[in-house]
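Remarks on the structure that follows.
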Amino acid sequence: MISRLLLLVLFVNVAGCGTGSDQYDTSKMDLKPVPAKVSSERIKGAFASGASLSLGAELKPLDSSPIKDVRLDTTHKIIEIAPGVKFSAWTFGDQVPGPTVRARVGDKIRFTMTNRSDEMVPAVQLVAAPMMHSMDFHAAMVSPQGKYRSIAPGQTITFEFTLNYPGIFMYHCGTPMILEHIASGMYGAVVVEPRGGYPTKVDREYVIVQSEFYAKPDPGKRKIDGAPLYVLDGERLRASQPSYTVFNGAHNGMVGKPLPAKPGERVRLHVLNVGPSKTSSFHVVGTIFDRVWIEGNPDNQFRGMQTLLLGSSNSAIVEFMIPEAGSYIMVDHHFANASQGAIGLISTSAKAAEKELEHHNIPASMAPTDPDTVQGKLNFESKCLACHSVGQGRKLGPDVAGVTKRRPDVWLYKWMKAPEKMLETDAYAKAMLKEYNNIPMPNQNLSDAEIRQYIKYFHWIDSQPAGTTAVPGAH
Amino acid sequence: MISRLLLLVLFVNVAGCGTGSDQYDTSKMDLKPVPAKVSSERIKGAFASGASLSLGAELKPLDSSPIKDVRLDTTHKIIEIAPGVKFSAWTFGDQVPGPTVRARVGDKIRFTMTNRSDEMVPAVQLVAAPMMHSMDFHAAMVSPQGKYRSIAPGQTITFEFTLNYPGIFMYHCGTPMILEHIASGMYGAVVVEPRGGYPTKVDREYVIVQSEFYAKPDPGKRKIDGAPLYVLDGERLRASQPSYTVFNGAHNGMVGKPLPAKPGERVRLHVLNVGPSKTSSFHVVGTIFDRVWIEGNPDNQFRGMQTLLLGSSNSAIVEFMIPEAGSYIMVDHHFANASQGAIGLISTSAKAAEKELEHHNIPASMAPTDPDTVQGKLNFESKCLACHSVGQGRKLGPDVAGVTKRRPDVWLYKWMKAPEKMLETDAYAKAMLKEYNNIPMPNQNLSDAEIRQYIKYFHWIDSQPAGTTAVPGAH
Amino acid sequence: MISRLLLLVLFVNVAGCGTGSDQYDTSKMDLKPVPAKVSSERIKGAFASGASLSLGAELKPLDSSPIKDVRLDTTHKIIEIAPGVKFSAWTFGDQVPGPTVRARVGDKIRFTMTNRSDEMVPAVQLVAAPMMHSMDFHAAMVSPQGKYRSIAPGQTITFEFTLNYPGIFMYHCGTPMILEHIASGMYGAVVVEPRGGYPTKVDREYVIVQSEFYAKPDPGKRKIDGAPLYVLDGERLRASQPSYTVFNGAHNGMVGKPLPAKPGERVRLHVLNVGPSKTSSFHVVGTIFDRVWIEGNPDNQFRGMQTLLLGSSNSAIVEFMIPEAGSYIMVDHHFANASQGAIGLISTSAKAAEKELEHHNIPASMAPTDPDTVQGKLNFESKCLACHSVGQGRKLGPDVAGVTKRRPDVWLYKWMKAPEKMLETDAYAKAMLKEYNNIPMPNQNLSDAEIRQYIKYFHWIDSQPAGTTAVPGAH
């Protein structure tokens, strides 16, 4: 009697920590999906619908229905991926990333998608012509030829599948050239809970989707609302040299609007690295991941991690404590990626305070539109705010507001190019060194192109109404 | 009595799932290998031999002998890494990748290798001069200075070692400049089963070796059988910018000849990422990895993964179900790599059907030899087949067969460069738009060089006998 | 009675292998750190102090004190990252990488740092101007805005925190532009043991820190002790294209001075990949990792690995046996990285013997200073030593010492550019082929720039006193 009881306990234990192993019994899985249907019926109305969808970083609680009706239409749209950078994107549900689907092992997804890439959007039509699109759900176990087939503009596809494994699964367009469809914005996440839920309780749940953009100013110099249009840079794309790496679709995503949390709370992030081509070394400054569940499955558990490496189309759940009041900074610790915009905040205060600016790039206030000026602004904000403010007075170095009125361009050029030489020969430079406690301006090894961009940015600042372009320095 | 029985059960459990922990008792491992022998005896005959060897993707069952005699000679050889791309390679066993060795923990490998890089091969001799080579087995625990020493052309080395750990282990040439020896093709896999076998039963076993090629047309413009020779591109190699990323040695490896499997079957892939310098984000479209054993060792288990990240010289076993009839596409989900050829099929039909073309690049039929034309063909097949066929009639857009007879080159250039401008001003373009349901040609942001390559490819098509160059479009 | 006993055993088992799960009870963790203090007091004396610090690869035993006083001041310093490459670095504790802190879960770190980047160092001042710096400990759970704030030159910050998780944690400067601060050398490791120690016993413990350098000759052509100065290459940095990838701060780190170990010993490496932007595929030639503890935590265990993939700011403990006498070569098996210097030795002999040179790049003897010559030397040592020596006599090919006296530069250029053509037409080349057993020189596909660098290096050799530049070939 005793022995039977104990053996039962043992059996459960052998089955592994977490969620129970019978969920992996492939003989009980639904592996016989019904065929997809394609029609020429064009569905109108909202581009995305379904009770299981979350549109932003905040993840809605699980909808209890065992059948999830999900509709995600494809559209072509201009989105702003960084301040002043209006990019010609292709979308699911008219947003990048697409909405997040939340469901549970055993649930069925009934999916509908109309290819609406041909619907008239002012200015967009000429930029991104209608084209074939499709849907590939990594959460499904189905024949790609049936369910993931490409449909033409105006067509609608419907198919369904059962969720067999817990995890965070990518979805994306699978129409060739797939690389371009993903890089243009066609991706999102499906969060599948274990049948019995997660083994931990948390206070907050967010979705973080990392992805790369490969953007260049339109060679045809077209404009959107007066601002220059950016299009896909095929050369950078094929060489895996992104121009922006971002969270949730935007440069410095969630810096301007941090994700809220309170001291002492436990936070769960559902992290998906879309790629399309790079790894992410995900880290949150100021805390340690108590648990990491690789691919979002509690059976794949690590403890006490500082950083999590994810390949393209890899995912994980990370959970951690918020130790004290402050802003905890999400970054890709491949820091060249962080410098391209893969930065976001989880903050105990409603909005990012000035002090929080120290440890990350700065959200934009007013934005220029000329590409060089935009680049100058981005570089300045990531590189110079440690010592300079814009219109907020002197810090370790002078306020740059008004600098184009104080010094001629040629002087600014020489100064940025080789401050150490100017300090030997130029009277103004020498006086400035004295005024600023003998802390010289470091040589930043700038290229001529970079210096031109800075000077353009300074001129733009000085051409705006006073105060509108202010950016506080870090100190 | 009862308690003893139960404690025994517990002990087994504590020892970990899978293969039992005593296999890791380092005090019982063979760590005293006998010295290697190098002789000037030149062995003739087959370049590879041994009952434990598998030459292709299909993995032969375990040979039961506890001692595995393995012979892998080094050769220099011209191999075709992509349609029309004849590359000057260095090999083990006269193939790239080299043969796969299969063995079991406790088995002994008795290895022999003759450096036959100096044997006369027509045309090859001048391309790749004889040189030093060596063998580095990651499966062995031996002094590199003894066993992995370089031998000169005509020399033979023999050494032996015992397999102490289960896993999938890389082998490669370890002669400086190692990077170049690996990039030239000198690698393969050793599959070592746990002493007691694997804890699961599967229906199919395959070996997938991912690797990068860094190829450029020979600066000396030499030819092989009338086709241009490609040689190692040292600049790309050092910058980790591959020109091809492939499975089992060939661009779109196993697309033309898919690996067979049946609906409901369980498939085990032994995956090795050779590199030499990049990570792989391995994924199979249409299914989910039921089990992943990192480095091929069942003790390192993950469940329910969509994608698996592997560094250079990392490996894993992945197992998954084939849910229904169809073709399941292996890709590196670092999609810039997939676009370079890291694509293959596991299919329930004997050969890839037309429909399967939708989700991947297309196997070549007839192949051009001029490098620009080859590139144009590759680009066309990965990028344009969603909407165009070659000689198979109209799809979403026109059939490109005959296009050079219908339109002059200058028109084709303008059209590919800026279709949206042509649609505003050119009568032919306007008429075509109308004929094709007002779905305009998208601007692909092509460089002038790319457009030239497309036009060369179109001319090549139109110079061939009708029908010989046909490639079906996806729709 | 029996059943209770057994259930107790079961409970321990459920708690997981290794270090016990109560260490993860977040309700017992110290998550209420006291505020940091910043003062204008300038502390003098040693740049680093603390009983818990190890300055080099050898890791000192754990200091038993529950409170670890750690002082790491920031300095600006010229360091030699490769033979002849004097780089303008920023440091913690006046070395790159900074000292390693060793502690245990539950210990408290009391940290002090003075920003001494403004202290006069001959020649350095003008190169790297004083600037703001800060400290970000991945081992801490604290608000980044409080503890990781930037301090100005001359200021001192102090803060404390408790170690809640075991692992190997990165520390680095967190002042924008963070990417540049890390790339300039501001990083190190904190090793935190589990509360009850590690579950294995080892004979040796070392710390291996991998990092990238992005260096270019100073555009201003400044010199340090007569040698050219190298500065941060911002363009390469942002494009993630390092010029050197190294272990413990130096090209071919620990090749000249191998880490000692004896046959039969068990070695534990604490490996941290700093990045700032690349992954590492860490491997030791000639052995297999018996255990791998991801992030340095025994609860995250893998067995029998050949290679370990680490993202930027990822770490791991690897343990392995030294099977027999020899030199075991640590490499980043992303071999383009190994070729940039990510190579080191663990050797059973006091110093690297000649034979050991076979499997890796070669430590420098005398070093040139001209950047082209330096590059030529590095390329030669990684690429040509398989067949040539410098001043050590003939090997498979001729000794290159004296080659500029034997042949004119134009001949050397033609020979390296296209040896196969010279062998058809040039009498000297034909005679040499005959003399060297008809083994021709391989075409290395060198660029003109590379050939120029080789020729410069050969001239440098021939301008030095005989014997001072000798480098043995591999065979």
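In order of appearance the chains are A, B and C, and numbering begins at 1 in each one.
Just so we're on the same page, contacts are C-beta pairs under 8 Å (C-beta built on N, C-alpha and C of every residue); 3 or more make two chains touch, one makes a residue touch a chain.
Values in this document were obtained by computation on a predicted structure and should not be read as measured data.
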Inquiry  = For the identical-sequence pair chain B and chain C, what's the CA-based rotation angle in degrees, nearest 5?
reply    = 120
Inquiry  = With touch defined as above, tell me whether chain A and chain C contact each other through largely the same residue numbers, more than half shared, or through different ones.
reply    = different
Remark   = Distance in whole angstrom between the CA centres of chain A and chain C is 31
Task = Could you tell me which residues belong to chain B and also touch two or more other chains?
result = 2, 6, 10, 13, 279, 309
Ask   = For chain B, which residues are in contact with chain A within the complex?
value = 2, 5-6, 9-10, 13, 17, 241, 264, 266, 279-281, 283, 285-288, 290, 302-309, 321, 323-329, 333-339, 353, 355-356, 358-361, 382-383, 385-387, 396, 418-421, 438-447, 450, 474-475
Inquiry  = Applying the document's contact rule, which stretches of chain A touch chain B when the two form their complex?
reply    = 2-3, 6-7, 10, 13-14, 16, 24, 26, 29, 31-33, 118, 126-132, 134, 136, 138-146, 148-150, 152-153, 164-167, 169-170, 174-180, 182-183, 216, 219-220, 231-235, 237-240, 275-279, 294-295, 297, 299-300, 309-315
